[in-house]
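The two complexes that follow have chain A in common; it is paired with chain B in the first and with chain C in the second.
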Partner chain A sequence: MNTYDVMVIGSGFAGMAASLFAAKRGLSVAQAGGTGGIDFSTGFIDLMAVHPVAGQRVWEDPYAALAALRRDLPLHPYAHVTDDEIAAALGEFAAFLGDNGLCYTGRPGRNTLTLTSAGTVKPTYLLPCSAWGGVEALEAKAPTLLVDFHGLKGISARQIAEVRADWPELRTARVRFPGMGGELYPEHMAWSMADQARRIELAEAVRPLLGDARFVGFPAIFGMTDTMAVVRHMEELLGRRVFEIPTLPPSIAGPRLRAAFDRGLPVLGVRTYTQKLVSAAEVSDGLFHFTAGSGSTAVRIAARGAVLASGRFFGKGLKADRHAVREAVFDLPVSQPGKREDWHRAEFFDPRGHGINQAGLETDAALRPLGADGRPFHPRLHAAGAILAHQDWMRMKCGAGLAIATACKAVRDLNQNL
Partner chain B sequence: MDFFSIGLGLACLSFVLGLAWRVHGRPGSRLPRPSAGHGRVNRGLAAGLADIVLLRRTLRGGKLRWAGHTLLLLGFLPLLVLHAMDGIVTRPLFSGYEPTLEPWQSARNILGLAALAGLGLLAWHRGRRLPSLSRFQDWALLGLLASILLTGFLLEAAKMSSPADFERMVADYFPEADSEEFIALQAHWARENGVRFERFLPTAQEILEQGRELHEDRCAGCHAATSTAFASRALADALPAGIVLPRTVPPIFWHLHVGLSFLALALLPWGKFLHPLASPANLLARGGRRDSGFPASALGRNLALEACTRCGQCSLHCSVSPSRRVLGNADILPMDKLADLRSWLDRSLDGAPLADLVEGSHVCTECLRCTQVCPAGIDLQDLWMSSKAALSEEGRAGVDGEIRKRSAGEWARELGSRRLGGVGSSGPGLADRAESFWGCVQCTTCTGVCPVVAVSTDPQRDLDLTPQQIMNYLRMGLKAQTLGARMVWSCTTCYKCQEHCPQGVPVADILYELRQLGAGTLRHKGKP
Partner chain C sequence: MTTLHTRVLIIGAGATGAGLLRDLALRGVPALLIEQRDVNSGASGGNHGLLHSGARYVASDREAAMECREEGDILRRLAPQCIEDTGGLFVAVRGDDERYVADFPGLCAASSVPCRGLDLGTARAMEPSLSPDLVAAFAVQDGAVDPFMLSLDNIAQALSLGSSMRRNLAAQSMEVENGRIVRVLCRDITTGEDVRIEADLVLNAAGAWAARVASLAGARIGMLFSMGSLLITQDRIATRVINRLRKPSDADILVPGGTVSILGTTSIRVASPDGCRPSVAEADRIIDDARAMLPILERTRYIRAYAGVRPLVSLGPAGDDRAVSRGFALVDHAADGLENFITITGGKLTTYRLMAEKAADLACAKLGVAAPCRTRTEPLPASTLGQWTEPGKGPRTWVDSRTEDDLVLCECEMVSRGVIDSIIDESGAMRGRSMLKAIGMRSRVGKGPCQGGFCGQRVTGHLYDRGMVSGMQGLAELKTFTERRWRGFSPILWGVPLMQADLQEALYCGSMDLEFGPPPSTRDDEGACAPVAKEPA
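Right, the complex of A and B next:
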């Protein structure tokens, strides 16, 4: 059995980032996790946009929002990382994605408002280059054609146009997707777009509808592995700027992220155990021993340090029964509402959010989760991402940024102790 | 015409006619034409020869079988060539050859014992590993070869202890012997070579010395000491003292030994008895390949059909053998399926055995394992693929074919009244357990990654239901509605759905279970 420097538990944004940063710093890394969060990602990398959530205040400058956040909510995990650390981590992360065929862009120090599949706009920090044309079109309210497909659920061009009453030159059209009928699924469409002939057929179907549009928006289906090449080819075929709008999760954006990591992490020497949840852990002073997977395919992994990036409920990092929330791997104490009635407020869309969405692990300043005695559970166990307590990443629009920044911090502090 | 000529003639006739029937007897092939093969590789000849001579493929299947087979071949082949055919091989090649001289006498015993030891290992292996897969012909071949070898030893032992043979030899080669010389020679042979005489023989030193001199003079030119035929001599010596073999015993053993040998020759073209010829020929034709898809020609395919040694390796390694245990159909396992496939190609299979072949043919997942382990190098994969297509072409497409004759809705009405188990019931299936679906959030990930959905032009039209829709039906207890869905019957069990499910729903296992349930229901359709 190999002994690794770091075991990364989880394969969402935080787990992928922790593996990336640890491998880049020369550590030997094993990573295990299921396809939890990342397959359901919108593909946007949020940094920090909404604070306080009760007031729904949207910040254009994420770093100003962070300053306010650290002042108002000193327990928020962002309080443990500096702006410089966050900027460096995001830069390194985006560069890795770019190297692996997934182009990201944004405006330094500024959030960008981007179009969602519901027609609303959402502030985010970095977004796929394939969506950037949509930002330009939206900001200029330029003449734009939005195309959707018969049989593809979860995105309606007409609904987007109705919601965006402030954009009179937004037209819509519904076309048949070439070569497929009935109910359509984004991943199948994306794979079929690898075929140039399919793109030409699609362009033929859309060309008569172009009119005076300068931009053409499509549901995100432009290929799995080389999206920008498909976008450029479509622009060439249509003679217009082309952009993608992510569909409802699970959209193609998540599998694209996962594919980029599947390609890039093993090259850096990371031993990835995919589709294997860590089911057991034994801790001694010297080593962690993990069991990943179950049944005949279970593997044993030994490591000197670990980053717990197993997410909240959907990632299976936290488990809730009728009475309490527990941490799944080490059974660490979980910060949570005192009793079940306080998990949720009466209204689902209450702007203040729900108590259960702040549940998670308490840590010290080095992001080491605390044991029952209030001291770090283990000197070389760190936590990162959504499993950390005192944050509501969905409402604060800080999910990916928080995951990436805390993963970077966790790896750096762990590296000093190895 | 004597026994030998008539026997040899009949055996040869049976061999030639049988071989001709076996090679040319198959009426126009029912299998589709082999696809044009790629260019043959030249290293093939050497690899094929190595497979034959070293039994390399047999070694992969286990050391015991390899050791048994190697011993048998090393013992039996030289006996066949140098002993059975000594008149046309050994005598012309080696001047002064006599079967009763050294080294032939001891060599024969060593070779015979080696062959018997090999047979013993093979029989032990078969009895231990393949008792349920073995048929009469498997034991018959082992028994026949062992009988030939054993009667050979018995014949040799009987001849060396028989007074009749001694007297015949003296009459032929020392007719002028007077009674004193005859007794001296008898005394020497009784003492040195183990011949049993009825009369009491002198033991005086000078008489024995005289006998030895006469032996050197008259006999030793053609006779080494019988002790060099150590195994037979031990047999002869094991006869209780004082017992003299009746004159009829050696001829009985001779007729048995020769007659059994003729029987083996006559049976050579039949059943697995042909494998000593067909398997090496097939190995040569395969040229060391272990993969599939290179049917050199229709002739090559016929050779493959005949090359089975019934060693059982394919059936021991078959990946659908659990289905065999559940369904009880012998034709699910490759070895028996091949035999029935041969009968079907010979147009002598119908009724229940044909139904078994069709079912076995469709339970097969074409995983290639049998082709890879076959010691005779048979491209079983090619035979399964082509025969499955040919059977479907004749309207025998098995459960898959039956299911597709009606729509999912028609099946739901047909099966709706049956007890199929249901969610929350105590049924043994995954689909019957409510907890199988607790995690399902209907997120469509299983459908999104499914390659079968991906290649369909319209999932609803081509597949009736998508995987996540089937999970939804099942958790609502609508099992009958899912059984006829073509998604269930088109699933390749690639397990992508199950591996990508963020909630741990065993999607692929459930789809496979539905197919088993559907197949079982259809199998017993019409039966109470």
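Right, the complex of A and C next:
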């Protein structure tokens, strides 16, 4: 049996980032994980935008927000990572995605407001390049045609136009997607867009509707692997700027991210066990011994160090019964509200957020989770991403950014101890 | 201001008001039924759905026990589409009061409530989830009733006979002249418009709100309010109704309904019928107590909680609300100097028909109508109004009559766009403040494991597409809908439901920033405890 330098537990943003960073630093990496936030995400990489959440203050400069956050909430996991480390981690992550066919962009040091499938706008930091035209159209309130499709239910162009009353020159049209009928799925549509003939047919359906539009927005369906080539081709065919809006998940954003990692990580030598969860973990002879998967397909993996990036409840890193929240792999202590009454607020949209969403792992400054005695559970076990306590990524708008930044920090500190 | 004229005005579209509308229509007296929110938005939509055999009341209230037995028989015979004739068990476990157990068969006999002793092996073979600590078991004739279908079928027949109904129309004040109510002033909740109704006779069937409605005419009814909470399990745990064989108390009944079971209930005195909601503490208390009878209740998955308020017409100082007679109250307000005003309240879902009959008898006496009651003998025709709430009905229709363009908007419960469209079309001008909520009430949208996270947004998109909502309104209604569903989810968020809540917040707040933007479209409906369609499943 091989002994790896690092076992990465989780294949969400934090797990993917940890594997990437560790492999790039020359470590041998095994990674196990199942479905998680990445499969449902919008593809936007948020860094930090809202603080304090109760006051709903939205920041244009994420680094200024981070400074305020570190001052006001010294236990927040971002308090353990410097601005420079964050910027470097995001840069490395985006470059990797770019190298693997997924172009990302953004404005250095500034959040960008982007359109969502609900018609709301949200601040984010890095966006798929295919969404950038939408940012420019929104900012200029330019004459824009928003197209949606008969049979595709995760997005309504008309809803977006209604909600965006501040954008009078936003028009909508619903067209038939060439060559497909009945209920449509973004992934099928994306694959079919690989065919140039399909793009020409689509452009022909849309061309008569263009009018004075300078931009044309579509649900995100422009190819799985080479989206920007499809976008450019559509721009050529239509003679207009073209952009994508992610549909309600599961959208194409998740599969695109997965595809980029599936392509890029093995090249870096990462051994991935997909759709396998770690079912047992032991420490002996200074090594971690993991069992991933169950039954006859279970595998045993030994590693000198580990990064726990198993997410929250939806990711399955945390589990709750009627009385308490537990960590699923090592049964690490979980910081949490005392009683279940305090887990959730009376109103779902309460701007203060729910108590349970700040629950998670306490760590030292090197992001090593603490054991029952208040000291690091193991000198070479680090944690990253949404499983960390004292953050609420949903309300603070720091989901993927926090995952990437803490993964980078965890790997760096682990590397010093190997 | 619009003025409506009617011979009889009925206030409140719960089971009682609906039954009254039908009873009068069958006697040749078409009436107007008004409802401040939606059909069954009061106790009739927030109850346990138990068709009582009467056995629960044999020790405390023999009259109620006999009424239940008789009415249960009538409903099983005349409204079979609304009843699941499951049969029921009464079971005691080690530690339960042995005296109560020993007296039970005799008390049943004294009330003519059929009851058959079972040996424990037979009982466990009938219901394998029963506790190994079982010490006694009896079989009774309990059943499950779909309260939503019951009300809608009553209303549908009455409408076919010339009666009418207005939803989202609230009675707000009354004008009394010379000992008569001459005008009832109402507000149209959809448009905010005032509507004046002139009627010869006013019937108050406002359930727990009946005292408030009576006070609009200056009449006083002493009323207590008792809130009860219930939990819905993901799977159906038992074939039959299972009652704890003890003095009626909390968490002692499990009622099956379609593919789920409903566990309850509690009894908490509340100051008003408005704003009730189930709590974490109640959910825990229900499970902690009921698992002695059915240990599986500790481990099973729950999908939602809900609550309703029992209107108990007070009979002087009372301790435990369950000891107050559930026998209903029929009040002729002639005694208060109001000749044309009747209140019918209290009672049970099981006895709704009897309550309607008695109230209609009195009404007809006042109107000089001699026609006798026909609901005791005539079948209740099944209508199409309530059909979408039936679990499985959506998918069947969708498969049968699917056009290529029909999409499944709610995947958990297989509700198609075509179904949503037919609800929108039926709803017409009485959409109320939230079309989405009205859809949630008439379909299974939002009732599946996704907790509304996906289907709520998809249906909202469709409402925009159809021009039913514009501007921020659709998002505001989506938030109202979400908050409404949240009341039921928040008490049971552990295990898988907590994962679902995590995903829903990731969607709504993490990726769509819906905690910003417009506030929910309405908060004033805090009163509706559980305006949920057929709660089973």
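In the analysis below, the second predicted complex is superposed on the first by the 417 of 418 C-alpha atoms of A that agree within 3 Å, B and C clash if a C-alpha of one lies under 4 Å from a C-alpha of the other, contacts with A are read in each partner's own complex, and residues count from 1 in each chain.
We adopt the following convention: a contact is a pair of C-beta atoms (placed from the backbone, for glycine too) under 8 Å apart; a residue touches a chain by one contact, two chains touch by 3 or more.
Just so it is clear, the structure is predicted and the values come from calculations on it, not from any experiment.
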{"item": "Which of chain B and chain C A:H289 touches, first, second, both or neither", "value": "neither"}
{"item": "First (chain B), second (chain C), both or neither touched by A:K122", "value": "second"}
{"item": "Comparison of chain B and chain C by chain A residues contacted", "value": "C"}
{"item": "Partner chain(s) touched by A:R326 [first = chain B, second = chain C, both, neither]", "value": "neither"}
{"item": "Which of chain B and chain C A:P249 touches, first, second, both or neither", "value": "both"}
{"item": "Partner chain in contact with A:R232 - chain B first, chain C second, else both or neither", "value": "neither"}
{"item": "First, second, both or neither for A:R214, with chain B first and chain C second", "value": "neither"}
{"item": "First, second, both or neither for A:F40, with chain B first and chain C second", "value": "both"}
{"item": "Which superposed partner A:H378 touches (first chain B, second chain C, both, neither)", "value": "neither"}
{"item": "Contacts of A:R176 with chain B and chain C, given as first, second, both or neither", "value": "neither"}
{"item": "Residues of chain A at both interfaces, chain B in one complex, chain C in the other", "value": "40, 181-183, 249, 314"}
{"item": "Contact footprint of chain A on chain B as seen in their complex", "value": "443-445, 447-449, 453-454, 457-461, 466, 499-502, 504"}
{"item": "Contact footprint of chain C on chain A as seen in their complex", "value": "37, 40-42, 44, 56, 116-122, 150-151, 153-156, 158-159, 162-163, 165, 174, 181-183, 248-249, 312-314, 316, 319-322, 339-341, 343-344, 346-351, 354, 356-357, 393-395, 397, 399"}
{"item": "Sites on chain A touched by chain B in the complex", "value": "34-36, 39-40, 179-183, 185-188, 191-192, 249-250, 275, 314"}
{"item": "Chain C - residues contacting chain A, complex", "value": "277, 279-281, 284, 287, 404-405, 407-409, 417, 454, 457-458, 460-462, 464-465, 469-472, 474-475, 479, 482-483, 486, 490, 493-495, 498-499, 501-503, 505-517, 520"}
